[in-house]
Amino acid sequence: MKLTVHTPPEVPLEAEILSPTSLAGLSEAEVSALIVHHGNRKEALGEFFSVNGKMNGRLELEGDLSFVKLIGQGMADGEMFIEGNVSGHLGCGMSGGRIVLNGDAQDWVGEDMTGGSITINGNAGHMVGSGVRGAEQGMLGGEIFVRGNCKNEAGGAMRRGLVAIGGNSGDFTGLNMVAGTVIVLGEMGIRTGSNMKRGSVISMNPARMIPSFSYSCTYQPIFLRFYLNYLRDVGFEIDDAWLNGSYQRWCGDAISLNKGEVLLYQS
Amino acid sequence: MKIRSTEITDTFAEAFKMSAARIIITAESDYWAMAAAQSVTGFATSVIGCRCEAGIEKTLSPKETPDQRPGVSVLLFANSTKGVGNRLVERIGQSVMTCPTTACFNGLDGTEEKFSVGEKLRYFGDGYQGSKVLNDRKMWRIPVMEGEFLIDDSFGIQAAVGGGNLLFLGKELSSTLQAATAAAEAMRKLPNIILPMPGGVVRSGSKPGSRYKALPASTNDAFCPTLRGSAPKTELGEDEACVLEIVIDGLDESSVAEAMRQGMHAAVEAGGEGLARITAGNYGGNLGQYKIGLHPLLQD
Amino acid sequence: MSSALRIVNGKIYDPANNIDGEVRDICIQDGKIVESVPGDTPKIDAHGMVVMPGGVDIHSHIAGPKTNLARKFQPEDHRYDPHPGTEFTRSGAGGIVPSTFATGYRFATLGYTTVMEAAVPPLSARHVLEELEDTAILDKGYYVLMGNNSFLHRMLEKGRMEEFRNAVAWWLNASKAYTIKLVCPGGDEQWKGDKNATINQIDEKIHSFDITPRQVIKALIDTANDLGLPHPAHIHCNNLGHSGNYTTTLDTMRAAEGRKAHITHIQFNSYGGEPGKNPTSKAKEISDFINENPNISADVGQVMFGKSVSMTADAPLAWMLRHVKERKWINCDTECESGCGIIPFEYQQNVYTHTLQWAIGLELFLMAKDPWRMVLSTDHPNGGSFLNYPRLIRLLMDRDFRKQEAAAVNQKALLSTSLLDLDREYSLQEIAIVTRAAPARLLGLKHKGHLGVGADADITIYDEHENREEMFKTARYVLKDGHLFIKNHEFCADPVGRIYQVAPDYDKKIEDEIRPFFDEYYSVQFDNYPVFDTHVETEIVPTYPVQ
Amino acid sequence: MTETMLLVPMRTAKQGVALNQGKLKDAYKKETSTVEIKQEDMDRLGLKTGDRVRLRAGTEEVIVSCKPRKEGKKVQDTATGIIFLPYGPISSALMTDGDTAGTGMPDSKHLIVEIEGPLAQEESDG
Amino acid sequence: MDSSVAAEPNIRVVKNATCTFCGCVCDDMELTVDLDQKRITKAKNACVLGKAWFAEHSVDESRPVAMIEGKEVSLDEAIDEAAKILVNARFPVIYGMSNSTSEAQRETVKMADLLSANVDSTSSVCHGPTGMGLQGVGEPTTTLGEVKNRADMIVYWGCNPSDCHPRLSTHYAVNPKGMYIPNGRKDRTVINVDVRSTTTTNIADVFVQVKPGSDFELLWGLRILVRGGKLNPAFEEQTGVPIDVIENLASRLMSCNYGILFFGMGLTMTRGRHYNASALHMLATDLNEHTHFVVKPARGHGNVTGADTVMSWQTGYPFGINFNRGYPRHEPGEFTTTDIMCRGEADAACIIASDPMANFAKPAIDHMKKIPMISFDPKPTPTSQAARVAFTTACYGINTPGTVYRMDDIPIPLRPAFESPFPSDLDILKPLVKRIRELKRAQY
């Protein structure tokens, strides 16, 4: 099924029903009649989108989605392909299926995610794959791939799963991490891994570490080959040198459990 | 039935249900992968005394291994899933984790049964171990003095076939040994099987039971040429003065059978006139689950 | 528009008037229950339903500074339990500590119409009163913290009991509170003044004052009795939560020396065993004492499995809990008056101590000979949310359910208690006692908790249901002051509740003593401290001082 | 001369007092358009009290006057390359990045600016 | 309760009045009021800021009570227009509140609920990140009286109370004698941590100068020491503070009897924001393993704390709240006003007693220029100038009674000095809410 924006919303449109899971089994007319929240008004989805085709596990969205929030919330299965920039909370609470976005996403991509995958072929905002405010742990599983850059707090309080950023990340990458893996192929901002308990933050560029991380050694982590190969398989450009390369291992955060690591590629 | 001058007895090898695992050992170089593989398969000729049977299946090129390093594939057999699992824990812990630069991966996908191996060995990390889960694969990273030892959390264990065998009955030692050696060499090239005995060949074939209570098996007197005159029953003809056996464990019956087929051809070629007969061991078909007939293998 | 109403055909449970399940009419006029109303009065047909007075909660943490801090620091909890507004009601957030409006609506949905906030320092009186004003539907009041009051400690130290009593009365007036609350007397003083120390036994000396907790307890129990407060001193005992604390509890109850006192969430103070080791149940010892001493009343403070928040004026206790698991922690000291600690918590069935606490609470209920003096509470949200009440009621009423639940808990802890030997099942009448009649009577709210002529027409009507949890989860009809606001389980109005306070007389000269103390040690002006009468509307409940 | 410096908007008692008089009044405008610079930096840039300087952040620029920063009496204050400007419409105008990093709060007290001065009188009037 | 006494005709003295300029909310003002001129001529006990606050809030009767598009209108007309703007909006934003009474704040949140609007206070550009720190890690804190009575260690971190909260030191924290601080200042150690020396540095015993933007690292270093660890040289490189100075600081903090960390925008408005505040909260929490330690954000406007407090009790969340879905949701960065404006999402705004047109980032101001705004302010400001509907209000505390929450959450009553011809925020909000309700009823 394909949904195309014919009238862009004037204020934020909360459309958590936009997922293959929510639309499963619905006809064009039924989908058009679904209620979305345009600011403080309830309006029919058809007021903004034209709906075409049958729903068979694959949903396509296209158009000016820059004010559309919560796309793919709680998605459990199927595939969703999005052309255009989207607002916040893409794929939040997602448990399965796959989202591919050709465009940029704003903050909170995949917050509280437990499974499935999100691929963003543009840039993402803050808190990619991060836990919600106040919570002790965030992402419990699943994969988020951002081809471009993301901003602060990528993988914050993550417990399981993979966040991979093709470009640069902002500050506090892997903040409060409980476990899991964050890979940044570009450069990271400052204060990577603050308060992390366990887990790995990996970057292909040098980074300024907070002093509560201790340098251990430079070595060749075998496990990383699995990740880099996997990223190559899903379409990231992986330099062969990274596969065989040496990485600085920084242990931290000493303020917490001190069992996390930051691995920095040494060219 | 005869191939060239060698008689093929119309009998069958009686093989048993076993459980098996395949482990992939990788390392910085062929040398270290093989060192670990040899060690991990050491002293694993027979479940009777070693609690498992293990052997090297093949060497692997970097393209064939999960981490793209040189590797060796090893098969390990025992009588139960738990038996295999426990041996893996012991042997990988002692022979792979110890060996420089190695990593150790499960080589059997999609098995119904899995056994926690890395999950148990991780405790060696004394709290510093860490796990990684990627695409449903969970691995443990155990810190060691040289870096870290990477091992899969669990290993697949599948039903397998043990005790496939061929008996080479020769007129004298040298041609019998030639025949057996050639057969073993040919068989070792095949996938999914191992020959657990030294060099693939065993001379101390056994029968179940013993006059001594403590022993579960004892020498196969019916095939001992030196006892032809004293044993109550002998299987040897007058000119059969030397017997060697090849034991084959495999992941499935057809792999074992194929190995036996190729083994027989190779033996006949190499043994020449000296190889009088090829037969196989069985217990009348009452003990094993598989009966691999020799004649059917050679018909086509 | 006539404000009369008649409820017909319902089974009435009104223990205060000895009506136990009889089918009768209830007549309502101008917010009160009356003898009769004219024949053409509108009716509610309660056929097949159970009619009870509106529920009365004697001890909950629903408003004030610590409740609000607990709200503020748990966005992750509110997030998944929004409370949408309706045409008649305000919206809010739910979770373990709901917003004020949501608190009121959710209590009302259970059939509760009166709830008491259990602990607020007087310095925050304006705050709690403003929150109570914004707590929908309910009638309410609050207990003011006095167990760690520096001025009162000084009076006591000097043996100036007359001034002590006048000061207490001044403070009750100034804060517009309902009664005196003690929380771990002396404990907060040690906490603030002695690098986070605490005080456990009631005969230890309080840091920097030459007095003991026992003296504070005795003096405040006496003062509450002497002032004739409708509800006696409401006591959170010392040593709460620690193994072996039941002796402290017994000591505290003995300190009342026969005068009226209320021990709150007593379950948390009924533990045997050695300090620092696993607790054991001393429910029997505690129950026996209460059964034999009619001057003592208590509420249970049942622990229910699941999420809770420990929020207490017992600051050292919260710090102790923080060492169990390093979760986010709030501490807030209140000058000259109190301390406070907050920490999110979760009671788990498989944990020995948690099961033991759960079982002790139930033992206390089931061993109580006089349900009028052992009333229902979870110390919301400390032992669990008030939304657990229906489940708790089912545990009390349904032995089979209790056994079934007991099968899933930590068996080592369970078997160390006598819970499985207790076959008692509460009747509907007894439930009406522990959730309505008794708390109203203990609070001295004469118009509450019963359906006799002259009572406030706060009435709950439940569909009768064999599963008592389902039955008590949502009332079909609820009336407040004769005003129907829940009809067929839906809100149809949003009546405003009262705030009760006491205003005992005192000798105004005490102000001359308190004023200089304020000038020296408080950060607010003495004249700005008492809540202005214009601040909120309250209703004064009379006191009957002992001459 | 042009240099890159860190601009820290701040509150001062004077600004607070002027705020009460009214934000559209001269006292407030004056206080919020005078940047404080460490004497050492003033000297290097060739600035005197009352000189006009241009501050540029991204696409925005403002012209303010400058004065040497008063330092604590008993301490050695080592911060160079940091300039201070009382909060107001001018400091806000230099806050060109509205990104709050998911907090609601822009980096209001940490603005990287180019400082250029002293400006000629005509230029600063224009 | 009435403590006002007539001193002479038309001069009134109000004792125990409350200054609502900053978060100290001092309630010991003695105001001399010229009732004829409707102005305060003297404010005894007030600090320099308080004096200006009282002196400058005279009444300018020439100002219209309400304006639409800059033209004078009646209050009713303006209320009607404001109600229409808000009811017609799909994403109305209500913002401000920190210079308003808690009574008005309660009504404001009620209005937001009724409108299914977005509501946010100036907290979000002040100590909002501190609130987020609280949500993340909790906070040990206190009322100011306990600081006066017990604190022998006072740390001012990234704040400058001598300029911004002058009486914080003189009245509450540093100078006064207290119950266990018999000698006042002599019994206390004052430490100032900042990127520069300020007037506050002059009253400190110890000044620690930290490199701009490295407070987080310094706090982290202190935490490591407090938790029994050691520091590596990178701490000195990154913070600019010598290791021995950090060690000395840590041991001083650990060895006091009762310590307090006051902090300000130096942490919340710089890179790291909420996490800087978290780090400070966690440092104080760690210190409680050794001694008693608390923190206190030195909050700005008179009742910004009240805004947090009121919103928390009514909605469960302190700021950045959205009612679009018929119930409150909270997400800093999403429902905070700067962000909403920068992204161009709001289609109307109601600004109560604050001035975002002067304080917000440039892109936010650009959007606000495009949408209909309503402003409540006693004085003309850039915001009131840009508003379609501008109300002139009475000044809280000077003209109107009510309750204000001090920076330590303590509610303080107001004693108005003289009557204003202008309505209070509450006086406008109540009929506005009523009008909104009518319009909404008519709409559906």
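Read from first to last, the chains carry the letters A, B, C, D and E; within each, the first residue is number 1.
The rule we apply is simple: a contact is a pair of C-beta atoms (placed from the backbone, for glycine too) under 8 Å apart; a residue touches a chain by one contact, two chains touch by 3 or more.
What you see is a predicted model; the values in this text were computed from it and never measured.
Peer 1: Show me the overlap between the contact partners of chain D and those of chain E.
Peer 2: A
Peer 1: Need the graph distance between chain A and chain E over the touch network, please.
Peer 2: 1
Peer 1: Without counting chain A, go through the other chains and collect them into connected pieces.
Peer 2: Connectivity check, chain A excluded: B | C, D, E.
Peer 1: Between A-D and A-B, which chain pair shares more contacting C-beta pairs?
Peer 2: A-B
Peer 1: Comparing chain centres built from Cα atoms against the global Cα centre, which chain wins on proximity?
Peer 2: Smallest centre-to-centre distance to the global C-alpha mean: chain A.
Peer 1: Between chain B and chain D, tell me the centre distance in angstrom, where each centre is the average of that chain's C-alpha atoms.
Peer 2: Inter-chain centre distance comes to 81 Å.
Peer 1: Measuring from the mean C-alpha position of chain B to the mean C-alpha position of chain E, what distance in angstrom results?
Peer 2: Taking the average C-alpha coordinate of chain B and of chain E, the gap between them is 78 Å.
Peer 1: Let me have the rounded angstrom distance from the C-alpha centre of chain B over to the C-alpha centre of chain C, please.
Peer 2: About 73 Å, centre to centre.
Peer 1: Centroid from C-alpha atoms only, then distance chain C to chain E, rounded to Å. What do you get?
Peer 2: Distance between chain centres, rounded to whole Å: 34 Å.
Peer 1: Would you give the residues of chain C that are in contact with at least 2 other chains, written as numbers and ranges?
Peer 2: 73-76, 79, 327-328
Peer 1: Return the residues of chain E touching two or more other chains; collapse runs of consecutive numbers into ranges.
Peer 2: As it turns out, chain E has residues touching two or more other chains at 132, 135-136, 271, 323, 325, 330, 332-334.
Peer 1: At which residue positions does chain D touch at least two other chains?
Peer 2: As it turns out, chain D has residues touching two or more other chains at 99, 101-102.
Peer 1: Which pairs of chains touch one another in this structure?
Peer 2: Every pair of chains in contact is listed here: A-B, A-C, A-D, A-E, C-E, D-E.
Peer 1: Hey, which residues of chain D end up touching chain A in the complex?
Peer 2: Residues in contact with chain A: 99, 101-102.
Peer 1: Which bits of chain A are touching chain B when the two form their complex?
Peer 2: Within the complex, chain A contacts chain B at residues 160, 162, 179, 181, 198, 200, 219-223, 225-227, 229-230, 243, 259, 261.
Peer 1: Would you tell me which residues of chain A are touching chain C in their complex?
Peer 2: Contacts found on chain A: 132-136.
Peer 1: Which stretch or stretches of chain A touch chain D in the complex?
Peer 2: Listed in rising order, the residues are 107-108, 125-127, 151-153, 170-171.
Peer 1: Touching chain C in the complex: which residues of chain E?
Peer 2: These residues of chain E touch chain C: 1, 3, 15-16, 18, 27-28, 102, 106, 110, 113, 131, 134-150, 171-172, 177-180, 257-258, 285, 288, 290-292, 294, 308-310, 312-318, 323, 325-330, 401, 403, 405, 408-413.
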